[in-house]
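Next come two complexes built around chain A: one with chain B, the other with chain C.
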Partner chain A sequence: MSFAAGEHVRVRAMFPMGHVRTPFYVRGKAGVIERVVGRFDNPEQLAYGRSGDKKMLYRVRFAQRDVFPDTPSANDTIDVEIYEHWLEKA
Partner chain B sequence: MSFKLPHDLGGEAAGPVDRSEHASAFWEQRVDAIRELTRAAKLDGEPLIRVDEMRRTIEGFGTEAYEGLSYYEKWIRAMTSLLLEKGVITTEELGNKLAEIDARESGT
Partner chain C sequence: MSTTHDHPHAHHPDHHLPSNYYEKLTTAVIEILVEKKMFRAEEVQRAIEKMEERLPDRGARMVARAWIDPEFKKRMLADGSAAMRELDMDPGDMLLTAVENTPQVHNVIVCTLCSCYPRMLMGPPPAWYKSRPYRARVVREPRKVLAEFGLQLGDDVTIRVHDSSADLRYVVLPMRPAGTEDWSEERLASIVTRDSMVGVADVRLTAP
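Let's turn to the complex of A and B:
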């Protein structure tokens, strides 16, 4: 699935074994595509010595309060770079 | 059952970050040099050891080792593990070399 800047997305709440680069604290959280970063080799495969599995990488912006409820300011945000297979439309 | 590994601690209390600078020891510089060699070398057309493989191995050490080992201790352990996994060195060769160094250091 591909996304454009400004689209609302949700990080898939998956918890598999493996070399996952999607932090636990954003899994299941909703955010907005801040930018399309580009296509890169999937680190989940590179970690086991296999290259060639290219995936689109997105920078996703979250309201910090959505991620950590005790955040003092409603304006604070967190940006996390997340691969396409971890995102779905929100 | 959670597969949350010890590195993935965003949002948790983890104490202050130690920002003190320190000079590197000679053995640490050697570990750094070995890392550069394993990054540049190829095995079957692929980099011998990628950074992703290093991270995967270090994150798999378990919480106690992940939190207790120093930066370059993690590096040398991870490289040793990956070189064994890839068949570049054998456990027998590693054991023999360690015994040889022990003998040399103790002067016997």
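Let's turn to the complex of A and C:
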């Protein structure tokens, strides 16, 4: 599934074993595609010495408040780079 | 690790002995690869030196150029790695992304998963950048963390935290302080600090 800048997405709430580069704190959280970064070798395969499949990488912008509901500022954001297979339409 | 050696090793008087599993593993792998002549110990040493000789003053040069040249600033914000090449700095395969501070927006960089940092521009990260408290807290309570660094931001300023979770590396383009309008590029570069390019400080002419 591919996404465009401005699209609303949700990070899949998956908890696989092993090396992944999706921080725990954004799993299951909704955000907006800030930009499409490009295609990169999947680090989840590279970490084990395999050649990585190309995966689309996105920068997803989360409202601070959506990630940590007890934070005081409504406008603050966290931008995280997330691979396509971790995202679904929100 | 072998305990007897018939070949010379680079000597590291300041380096503590391997103490945990991964340090031992790293040392063992390096020793095996040296023994198998994949590379020489001096080459490992040279690679470390090359990493450590990169200093934040390269980033400071880039910031100063962006302050005096609006067209360069546009190119830097569009493609940080290309902007490095323009200044005869080698970004390697690093994809540098510059984010600009304004009176309305303040950017700060972290790598919550490990210690990703724009090393090709600024050398190794400071110890606090790699510490668990900074990595855990700056996404959770950025205003409090920045205040501890001495940076009080008003509610009218939006904070953008950038988590270097994958392939991009970030540098903050801090705001040019007032009172520097007639300064040369070199003089401007001299006041740009490492911390201001990570986003935990502003560039100031005098201490607060």
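Keep in mind that, in the parts below, the second predicted complex is superposed on the first by the 89 of 90 C-alpha atoms of A that agree within 3 Å, B and C clash if a C-alpha of one lies under 4 Å from a C-alpha of the other, contacts with A are read in each partner's own complex, and residues count from 1 in each chain.
Criterion: a residue touches a chain if its C-beta (ideal position, glycine included) is under 8 Å from a C-beta of that chain, and two chains touch if they have at least 3 such contacts.
This is a predicted model, so every value here is computed, not measured.
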Which superposed partner A:Tyr25 touches (first chain B, second chain C, both, neither): both
First, second, both or neither for A:Phe68, with chain B first and chain C second: both
Contacts of A:Ala90 with chain B and chain C, given as first, second, both or neither: neither
Greater residue coverage of chain A in the superposed arrangement, chain B or chain C: C
Chain B versus chain C as contact partner of A:Ala5, first or second or both or neither: neither
Partner chain in contact with A:Pro43 - chain B first, chain C second, else both or neither: both
Which superposed partner A:Pro16 touches (first chain B, second chain C, both, neither): first
Touching both chain B and chain C, residues of chain A: 23, 25, 43, 67-68
Touching residues (chain side chain C, partner chain A) in the complex: 95, 112-113, 139-143, 155, 158-168
Of chain A, residues touching chain B in the complex: 15-20, 23-25, 43, 46-49, 51, 67-68
Interface residues, chain B side, partner chain A - complex: 2-4, 8, 10-11, 46, 50, 52-53, 55-56, 59, 86
Residues of chain A touching chain C in the complex: 21-23, 25, 37, 40, 43, 57, 59, 64, 67-68, 71-73, 75-83
